[in-house]
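The two complexes that follow have chain A in common; it is paired with chain B in the first and with chain C in the second.
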Partner chain A sequence: MPTSPDATGYDLAVIGAGPAGLAGAVAAADRGLRCALLDAGARPGGQYYRHPAPELRAARPDRLHHHWSTFIGLADRLAAHRQAGRIELLSGRHVFLLEAEQGGDAAGRSAWRLHVTTGERTGHLRAAAVLLATGAYERQLPFPGWTLPGVVTAGGAQAMLKAGLVLPGRRIVVAGSGPLLLAAAASLTAAGAQVPAVVEAGDYLGYARRPGVLAAVPGKLGEGVTHGVALARHAVRLRRASAVIEAHGTEQVTAVTVARLDADWRPVAGTERRIACDALAVGHGLVPQLELATELGAETRTVPDGTLALRVDARQRTTVPGLWAAGETCGVGGAELALAEGELAALAIAGEPAPSGALLARRRRLRGFAELMAAAHRPGAGWPGWLRPDTEVCRCEEVPAQRITEAVEELGATDARTVKLLTRAGMGWCQGRMCGPAVAALAGTLEPAADRRPLSCPVRLGDLAQLP
Partner chain B sequence: MLTNPSHDVVVIGAGVVGAACAYYAARAGLTVAVVDRGPVAGGTTGAGEGNLLLSDKAPGPELELAQLSARLWNELAQELPAAIEYEAKGGLVVAADPAGHRALRAFAARQAAAGVTAHEVAAEQLPQYEPHLAPGLAGGFHYPEDAQVQPALAAAHLLRAARRAGAELHLGEQVIAVLTGPGGAVRGVRTPRRTLAAGAVVNAAGTWGGEVAELAGTQLPVLPRRGFVLVTEPLPRLVRHKVYAADYVADVASGSAALQSSGVVEGTPAGSVLIGATRERVGFDRRVSTEALRRLAAQAAALFPVLAGVKVLRTYRGFRPYLPDHLPAIGADPRVPGLYQACGHEGAGIGLAPATGLLIAGQLTGAVPQIDLAPFRPERF
Partner chain C sequence: MRRTPASLAAADPGPAHTIEFDGRPIPALPGQSIAAALWAQGILAWRTTRIAGRPRGAFCGIGACYDCLATVDGQPNQRTCLLPADPGTVVTTQEGHGHADLA
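Presenting the complex of A and B:
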């Protein structure tokens, strides 16, 4: 297990080896910091740069990726720093508890203890500073039939493709909301799947309201156009202001019902149409993964898409001393923004006085665009209109919508936490990552509450008994 | 600003104690309003394990209260939906060595004199009670009257029953003033949204009981005592009783501020095993204590070695409302006419709630109390 190379520990521990973490680790190591780079995955890259295991001998992993050359550049720098002993890459490690050490400080002595598990074994390491780059997970909004085999998350479909070159089906409807849908549909068609429709709940009009912000990020526009052209070539139909309101099938999804939505995402009666398919890839945007920071009391802000993100200053400092954050943890914004923020954080941690104006400007531009996108894809309040009383909302604990309604209307639950106490929704293996946003919406919570989750993932009791 | 029609009583706090006060008051025919700044079970109730214990209580006023409550929970289990997960599962207290077993024997004998049923369990009989217990224990005592409920559901269903009997519920509204009239008598409460007029106000605000007492112009030294609980993955029923080690009793009664921990292990209908409970006085510090987690895990694994390989899915913390002598404050507060105290139940609030509610309702209606309330009088500090 990873343990500190010496009594003083690392200068910096970076949690998460996606774009933000990779950029942060290599930039910090460039400046002479000794870094630990931890990631739960088997290989660095995170969800964005997920790529096949070498054993699969993918001829061209770059075909599924934008900016593959950026990743190759980072990977090369990482390799050089590992060789030089400046970065220790600790893959397959999940940080389950981040502890501020008593008496620790940032002036030379370690201030953090990171408790780490591989699932089989646990250990810990120490570091003077921590950069949290834990990314995001997909937001799921339940609908009748969403638990059928063949229904996968949009990101899950991407991940299957990127890591294993596997398709979830041959005829795949892509649905939900957010820019990931177009990217997923483009990847799926490129890999040979038929995509009869991309069903987007938002109306995209939000983008047009602030054309200045759009003009400032031509790269993002270019990305959208590339996806659009790719989809047009494969005759993929984009249905806006629509949603999959039911998946049909008994053993496996065989068709979906798509309906138009009003401005509040309420299904419009009489607009339903059935589309045959053998898989459905569905996702409603991403939710920043924050529990290691919120457990420490880090302040959050509500992003226009309704999710919580960490509040950071101009140099990516959270409100917890010694804890920095970059990328999706500061609000979902994509890989380019994550790269800029990771580098900015590294510069600040390395004690550089002021970063370059160009880097700051890039972040500002991309962050502005991210907020605009977030507003366009915020779930409307009317989405529970497509639930039925028996629609399962929490899959781990098998809690249907009606039990949640009962907890709210009859039993006095006014927030997601109380719904959980009264129904067990969110108490299962995923600890509410899957159903949390839906439960909060059904509880009538307008502003989400930060997770207080002392253990970020399951840990063996025997290992807890050995905690240092 | 709304002015609701006058009530007989306003209960501040929608935890299990406030819920029980509302339930028994409404059942006694009083008009009741319950107000809480958060949701139902938002404080200590929502962080509890649902212990209904006699086994950990020495003869005295708290045991009397617990015995009355045990009878009432038994009745409530018939009246409220099965969803409250009442289980008359019994408790098993085990001793690691002969000295510990002798101490348990002496304790049980004193309890027996006070009417508590306890059966001695010899070392070789322990596996019949708990097949997965660690070998080598010196023996234990079985307390068939110990039981368990799911505390948040118990509070919610008590409140629902109270509402069906006419009680009003105002959640998400913090009491910002306790209104008093000439002579200092209570006239009701004010929240940012409404004024609730009433001739009686019950302070069932748990850990925040001291603040409510202050609003009413008096004082109650309620302080928080932090606890952590571990929750495992769902398992087949490995643990049948509430099982804990003998030193738990000493920890409960201790006045020390330092971290104390004695593993209390129990299964739940959902399959998870709950492992409590640490006690430490650190104010409202919510930060996780690795030392607390380590000790809980180690003690649970010492009692049930099979648990060492099981995954802990989550841990949560709560703050028990304690008073300096570890007894709750229950009853009319002579310093403020019309004010009734019902808080400071520390870690036993789920167990002691029905008796507290019944006694408060009794005082409000002029009934003869079932037990002597003098030890719980609020002005004793």
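Presenting the complex of A and C:
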């Protein structure tokens, strides 16, 4: 297991080797900091730059990605820093607990202890500063039939394609909300799947309300146009203001029902239409993964898409001393923003006075676009209109909507935590990552509450008992 | 010719090896996860739930949802989307919590 290279530990531990973490680690190492770069995955890149295992010998991984050359540039710098002993890449390691050491180190710097598991073994390492770049996971809203085999997350379909070169089916409906849907549909069609429809709950008109913000990020428009052209070439139909309100099948999905939504995402009766398919890729945007920071009391802010993100200052500092954050943990905004924020955090941690105006301007433009995007894809309050009493909401514990409604209406629960205690919804293996946003909405929670996960992944009791 | 993920990425993996799923041989490419090898054969479910006994397979594909659990080489509750399909791996559909042997 990784242990600190010496008694003083690393100058910086970066948690997450996606765009933000990679950019942060190499920029910090450029300035002479000794870094540990930890990631739960087998290879650096995170979800965005997820790529085939080397044994699959893919000559053209770039065809699975946007901006692949950016990743190659970061990977080359990472390799040089690893060779020089400035970065230790610790793949396959999940940081399950982040602990501030009392009093800091001998030099008076803040000091951190990171508890790490490989699933088989646990250990810990120490660092003077921590950059949290843990990214995000997908937001799911339940609907009848969403637990059928063949129904997968949009990000999951992307991940399995990028890493394993496989598809869940041949005729795949893509549904939910957010820009990931267009990217997923473009990848799936490029890889040979037929995509009969992309079903987007938002109306995309939200983007038109702030033309100035859009004009400042021409690259983002270009991406949208690229996806649009690719989809048009494959005759993929984009259905806006619509949702998959049911997946059909007994042993696996064989069709979906799509309906129009009103402005609040309530299905409009009489607009249902059935589409045959053998897979459905679904997701409703992304949720920042924050628990390591919120367990330490880091302050959060509510993003226009209804999720919580860490509150950071102009130099990416969280409200916890010695803890920085970059990328999706500061609000979902995509890889380009994550790269800028990772670099800005590294500059601050390395003690550089003021970053370049160009870098700050890039962050401002991209953050502006991210907030616009978040508002355009915020789930409407009417989505529970497509639930039925027996629709499973919590996949792990198999808790139907009816039991959650009972907990709220008859037993008086007003938040997800109380619903969990009464129904077990959110108590299973995934720790509420799949059903959390839905349960909170059904409980009538208006403002999101920070996730409470003292440990960020399941850990064996024996390993916990041995924590130093 | 029909496009495939492998042709898109111009992949030229070594020859497939074999894993076992519920007693039958399944080809797997070097570097693929167990879940990917099963998807490649059109297999989408390899677990039944504890309460209703319903079929489940990979959902999130990144190790977060724990829906893709299976019994792997005798060990229940293994996330197949993270585990490599190494030659000779034995995968069994997991029923419920996977500890029927302890009952």
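Following the convention adopted for this analysis, the second predicted complex is superposed on the first by the 462 of 468 C-alpha atoms of A that agree within 3 Å, B and C clash if a C-alpha of one lies under 4 Å from a C-alpha of the other, contacts with A are read in each partner's own complex, and residues count from 1 in each chain.
The working rule: contacts are C-beta pairs under 8 Å (C-beta built on N, C-alpha and C of every residue); 3 or more make two chains touch, one makes a residue touch a chain.
Since this is a predicted model, take the numbers as computed values, not measurements.
Undergrad: A:464 in the overlay: touching chain B, chain C, both, or neither? Say first, second, both or neither.
TA: In the superposed model, A:464 contacts chain B only, not chain C.
Undergrad: Should A:160 be classified as contacting the first partner (chain B), the second (chain C), both, or neither?
TA: After superposing on A, A:160 lies in contact with chain C but is clear of chain B.
Undergrad: Comparing chain B against chain C, which has contacts with more of the residues in chain A?
TA: Of chain B and chain C, C contacts more residues of chain A.
Undergrad: Of the two partner chains, chain B (first) and chain C (second), which one does A:295 touch, if any: first, second, both, or neither?
TA: So A:295 only meets chain B here.
Undergrad: In the superposed arrangement, does A:410 touch chain B (first), chain C (second), both or neither?
TA: first
Undergrad: Tell me which partner A:251 touches in the superposition: chain B (first), chain C (second), both or neither.
TA: In the superposition, A:251 touches chain C alone.
Undergrad: So, does A:381 touch the first partner chain B, the second partner chain C, both, or neither?
TA: Touch status of A:381: no partner.
Undergrad: Which of the two partners, first being chain B and second being chain C, lies in contact with A:359: first, second, both, or neither?
TA: Neither partner.
Undergrad: Tell me which partner A:424 touches in the superposition: chain B (first), chain C (second), both or neither.
TA: A:424 contacts chain B only, not chain C.
Undergrad: If we overlay the two complexes on their shared chain A, which of chain B and chain C does A:450 touch? Say first, second, both or neither.
TA: The answer is neither, since A:450 touches no partner chain.
Undergrad: Once the two structures are superposed, pull the chain A residues common to the chain B and chain C interfaces.
TA: Residues 397, 428-429, which sit in both footprints.
Undergrad: Under the stated contact criterion, what part of chain A meets chain B in this complex?
TA: Chain A residues touching chain B: 97, 99-100, 115, 295-297, 397, 407, 410-415, 417-418, 421-422, 424, 427-429, 431, 452-455, 458-468.
Undergrad: Which stretch or stretches of chain C touch chain A in the complex?
TA: So the residues of chain C touching chain A come out as 2-14, 29-33, 35-37, 39-40, 44-45, 49-52, 54-67, 69, 81, 84.
Undergrad: Which of the residues in chain B end up touching chain A in this complex?
TA: 14, 38-42, 46, 152-153, 156-157, 159-160, 169, 171-172, 230-234, 270, 272, 275, 286-288, 290-291, 293-294, 296-298, 300-301, 307-317
Undergrad: Touching residues of chain A toward chain C in the complex: what are they?
TA: Answer in residue numbers: 40, 47, 52-61, 63-64, 137-138, 147, 149-153, 155-161, 163-168, 190-192, 251-252, 395-398, 428-430, 433-434.
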